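Below you'll find the structure, written out as structure tokens, and then a few comments.
Chain IDs A, B, C and D follow the sequence of writing; residue 1 opens each chain.
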Amino acid sequence: MSKIACQDTLITKKRHLSQDYFSLTFSPVSRANRCVPGQFIHLLLPSTDVTFRRAFSVASVSEDGNELEIIFRVVGRGTTLLAGLAKGDRVNILVPLGNRFTIPRKNERVLLIGGGIGFPPMMFLASRLLAKGHPADKIEFFYGGRSKDDILERTRIKKLGVRFHPVTEDGSFGEKGLVTQPVERVISEATGEKMRMYACGPEPMLKAVEALGVKYGIPGEISVEAPMPCGFGVCLGCVLPLKAGGYTRVCTDGPVYPFGEVVL
Amino acid sequence: MTPDLKVQLAGIEFANPIMTASGCCGYGEELAGVFPLSKLGALVTKSITLKPRLGHPPPRTAETASGMLNAIGLANVGIDQFVAEKVPFLATQKTRIIVNVAGSKLQEYIEVATRLDDCEVVDMIELNISCPNVDEGGMEFGADPKMTEKSVAAVKKVFSRPVIAKLSPNVTSIVQIAQAAEQGGADAFSIINSLVGTSIDIETRRPRLTNNRGGLTGPAIKPVALAMVDAVYRSGCRPPIIGIGGIADYRDVVEFMLCGASAVQIGTALFIAPDTPVKIARDLKAYLKRTKLQSVTELIGKVKRY
Amino acid sequence: MTPDLKVQLAGIEFANPIMTASGCCGYGEELAGVFPLSKLGALVTKSITLKPRLGHPPPRTAETASGMLNAIGLANVGIDQFVAEKVPFLATQKTRIIVNVAGSKLQEYIEVATRLDDCEVVDMIELNISCPNVDEGGMEFGADPKMTEKSVAAVKKVFSRPVIAKLSPNVTSIVQIAQAAEQGGADAFSIINSLVGTSIDIETRRPRLTNNRGGLTGPAIKPVALAMVDAVYRSGCRPPIIGIGGIADYRDVVEFMLCGASAVQIGTALFIAPDTPVKIARDLKAYLKRTKLQSVTELIGKVKRY
Amino acid sequence: MSKIACQDTLITKKRHLSQDYFSLTFSPVSRANRCVPGQFIHLLLPSTDVTFRRAFSVASVSEDGNELEIIFRVVGRGTTLLAGLAKGDRVNILVPLGNRFTIPRKNERVLLIGGGIGFPPMMFLASRLLAKGHPADKIEFFYGGRSKDDILERTRIKKLGVRFHPVTEDGSFGEKGLVTQPVERVISEATGEKMRMYACGPEPMLKAVEALGVKYGIPGEISVEAPMPCGFGVCLGCVLPLKAGGYTRVCTDGPVYPFGEVVL
């Protein structure tokens, strides 16, 4: 019985990041200070054009714990409506929802792997790890996208001081190819160091990352998606099959799972 | 004087007429993280079956215009685990507890109800007779007056407290089914369960639910639910009615009560806004005050039909 | 090659599968002010009865979530005036004409159908068997398999061209009714008519319709309509299906056709956007092109069920 | 079979007139030049929060016939949504709909009576009559409202040069009382002149105006309202009973009716 705040909040900042990508900051948000990387909010659009809320990973939380940021991509009706909202508009959010990424030990090399719109929780995790004193040079930030326009918040990520590995399929920014390439290179170059992987992104990427984890015996976690009618565990609509049998509710048992737990 | 929200159903008093609908509030634990369950008239659990059920493979839900489809497949922990793990939590909650019971054979209903009779915390049973009846070749219990009567009567025999019959809207005459349920001894009716519907993804050409079809719920179905409550109430059935279907705000509750509901259940709206029951209770009080009524019961059946 | 929208139903060819639904396009005159009716596969007239009917007093309609309620009360000019004043206009229109026929006694259906047999411009009759049947004490014709079969058979005897049975969704098993209609000789099915629903004004405490209840239509009911089309198609009935219910854009049409509809009708969406049929025809063509289909008929029944 | 254009148009001007009252100008509007006083548009809100279109009288049409103005009051969901739209937003309208006011002869004294949000078609009628050469001093413009805030576009009406009779129930602007007071006064003061009345406003006002027409034997027309699902005659949802029996479709047979024709 974890406490969830169902609250009205205001859009206090809206940034158009590139093409279909936006950042929204909400304030005031009670319980924002409780949000940890991996968790998400469930947002109610002020229109009956969509029935369900929409889930978005927490991308950042302000130091005073009053502001919460999400970064999203316009893909359908809900996100189109969301992109149409403006500073000052009111939305209702449920927060905080979901489980969290395991915090690695300080001596572990951390491989954060974000694919496309999967990067916001990775960014949140990076900054939290830094705040907790994880050495910046032990944090590798892999970020894959189709082309330059899909690699967002580049300055912000660079500013963190982590080791940034941008990758684009068309080579228009960073390394050309798939994000798993540099991941595998960093893994094979590492010598005897303990490592841990975290990934969020499209399913094929998550599968590839899990495969790397198995191949090199590196533990890790993935953050997965599912359509979420309720977001807080009561509807049983967001389930994914578990390898061990049965189903898991992504909204409460997830969205973060250790490698190999869910059937993707 | 602040208006009174208390209602009575089948001899049991409820703090207010607002209940959460089966399948939309789990076993209460998660919802208690949003607001204290004491704010509810009653909590109605997910359908409990004899054996645990995993439910259907995903996708299990789809959005529709002002509504949703679901084919969860009665996923639930089964009566054993329910009694062992869920009842202790429910026992600590200061609200009425109604356990929804489902099965595909009459014997299953009977066994689950027998077990629940021993759980004192369970104030009432709600019979979900909208499940396909394996014994009778798959037709829903609730689509057949005889099976409806038989199943209510059988459960009444083993459960000593009041039994609610939850009626399916997918019938030619819900009044006929209600009369059969009354004949079987039903102490109250829940009206309605979900309408059968489907939705297709035109890109993949696949149904949006692995079950191919599911139950339509939410604001879209409110007019249908309201007409069915109205029809059963007008038919002069004795058992009180719990109105269900698309309720999202206090206005909807007033509509249902004017049409004859003594209480209501909130389903899909909990997904849209989990604090809906709390807001409704507050707004309902304000409405009663504004319209100068002392008790919410003064609304029941008071629609001025043409 | 531009994709082909032509469809065949009961041996008749239609320029495209898009028809306007009964009661939502009058007798065609007003709609012709918005777009040339030649853009339609067919126009289905308001229900025609033997005698003129004024209909119910206002209010006759109400808004609901993603839908509407109506209780127009079959207001229409009656068969005499229809033939004298409306048929001449329809005869000038380059589209198929389907006349919807209603009545509260079987004899009324027969007389209207007999008169229509003489109007060559009338390509088909659509039987609205969702009206309360006075002879049988008010139960709808379309809720009773025997009456359904009987009324279709009676009309088939006097009308020499194809007869469509328009089925009511307010039944336990639409498949059973469809089978009865097929037995009676129905050449096609229209699925569905409106769902029974109501709505109450909580300030006046009056129903929003003087008829106390009405028919729910619009996007809200699409999932129900789709499931019923799917069920009848799967049942293996021979007559082709015209899908109706909440269709507002080409995606909806594709869904209905994938579930087994050979054509569709647009009702409520005409009020929201009267040019909907024209837009759908355009977008449907683009969809066929995009999915590399030559003919819209390739969609019929092609849903990939789980 | 009158031609109706179902068209997308843009909001090119938005004016907040007072409290709940707004003026919106749409452009381009094909067939705007065909609009005559008494006619209305049917507007589709870009949201499924409401099912039906909403009807608004034409308040003015630009000289080039490209712009069309409506003036509305926020009373419910639809008008709230409409008030939330901004310059540049797109809406779909049906235009022109309904019948029209009868054009009076030039020697007739014209009594235009607008109650509350019933004034826009009266304003349109006044300016069209002036454009057609009706003498300004033969046009009496009565405009009743609850208080000062309900009497809109005062400068605009005064500029027309017609005889302006503002009336408010609380006396905060113009004469105190009901609008029918000055109407009856003007009627009784007139000497032998031919007169004609036109009214649009709340039902009690329309009834009172009809009663004056009967009492003094003055012909006239009222513009009535009804909820309108389709607006162009096909649904039979907007009917009002006729005194002669049967029903009339307000959207196509109306909204303008001679005194005594419909049962109010």
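Just so we're on the same page, a contact is a pair of C-beta atoms (placed from the backbone, for glycine too) under 8 Å apart; a residue touches a chain by one contact, two chains touch by 3 or more.
Everything quoted here is computed from the prediction, not taken from an experiment.
Visitor: Taking each chain's centre as the mean of its Cα atoms, which chain lies farthest from chain D?
Guide: Farthest from chain D by mean C-alpha position: A.
Visitor: Between chain C and chain D, what is the separation of their C-alpha centroids in Å?
Guide: 37
Visitor: Taking each chain's centre as the mean of its CA atoms, how far is chain B from chain D in angstrom?
Guide: Here the centre of chain D sits 49 Å away from the centre of chain B.
Visitor: Where the CA atoms of chain A average out and where those of chain D average out, how many Å apart are those spots?
Guide: 55
Visitor: Where does chain B touch two or more other chains at once, residue-wise?
Guide: In chain B, 64-67, 218-219 touch at least two other chains.
Visitor: Give me the residue numbers in chain A that touch at least two other chains, ranges are fine.
Guide: Residue numbers touching two or more other chains: 48.
Visitor: Is the way these chains touch best called a line, a ring, a star, complete, or other?
Guide: Shape = ring; chains linked end to end, path closes on itself.
Visitor: Going by the touch rule stated at the top, which chains touch which?
Guide: A-B, A-D, B-C, C-D
Visitor: Help me check something: in the complex, which residues belonging to chain A touch chain B?
Guide: Touching chain B: residues 1-4, 6, 44, 48, 50-53, 92, 94, 226-227, 229-241, 246-247, 252 of chain A.
Visitor: Within the complex, which stretch of chain A touches chain D?
Guide: 47-49
Visitor: Enumerate the contact residues on chain C facing chain B in the complex.
Guide: 64-67, 69, 143, 170-173, 195-200, 202, 204-207, 209-213, 216, 218-224, 226-227, 230, 246, 251, 254-255, 258-259, 287, 302-306
Visitor: Provide the residue numbers of chain C that touch chain D in the complex, in ascending order.
Guide: The contact residues of chain C facing chain D are 23-26, 29-34, 46, 54-55, 57-61, 63-64, 66-68, 70, 72, 75, 218-219, 268, 270-275.
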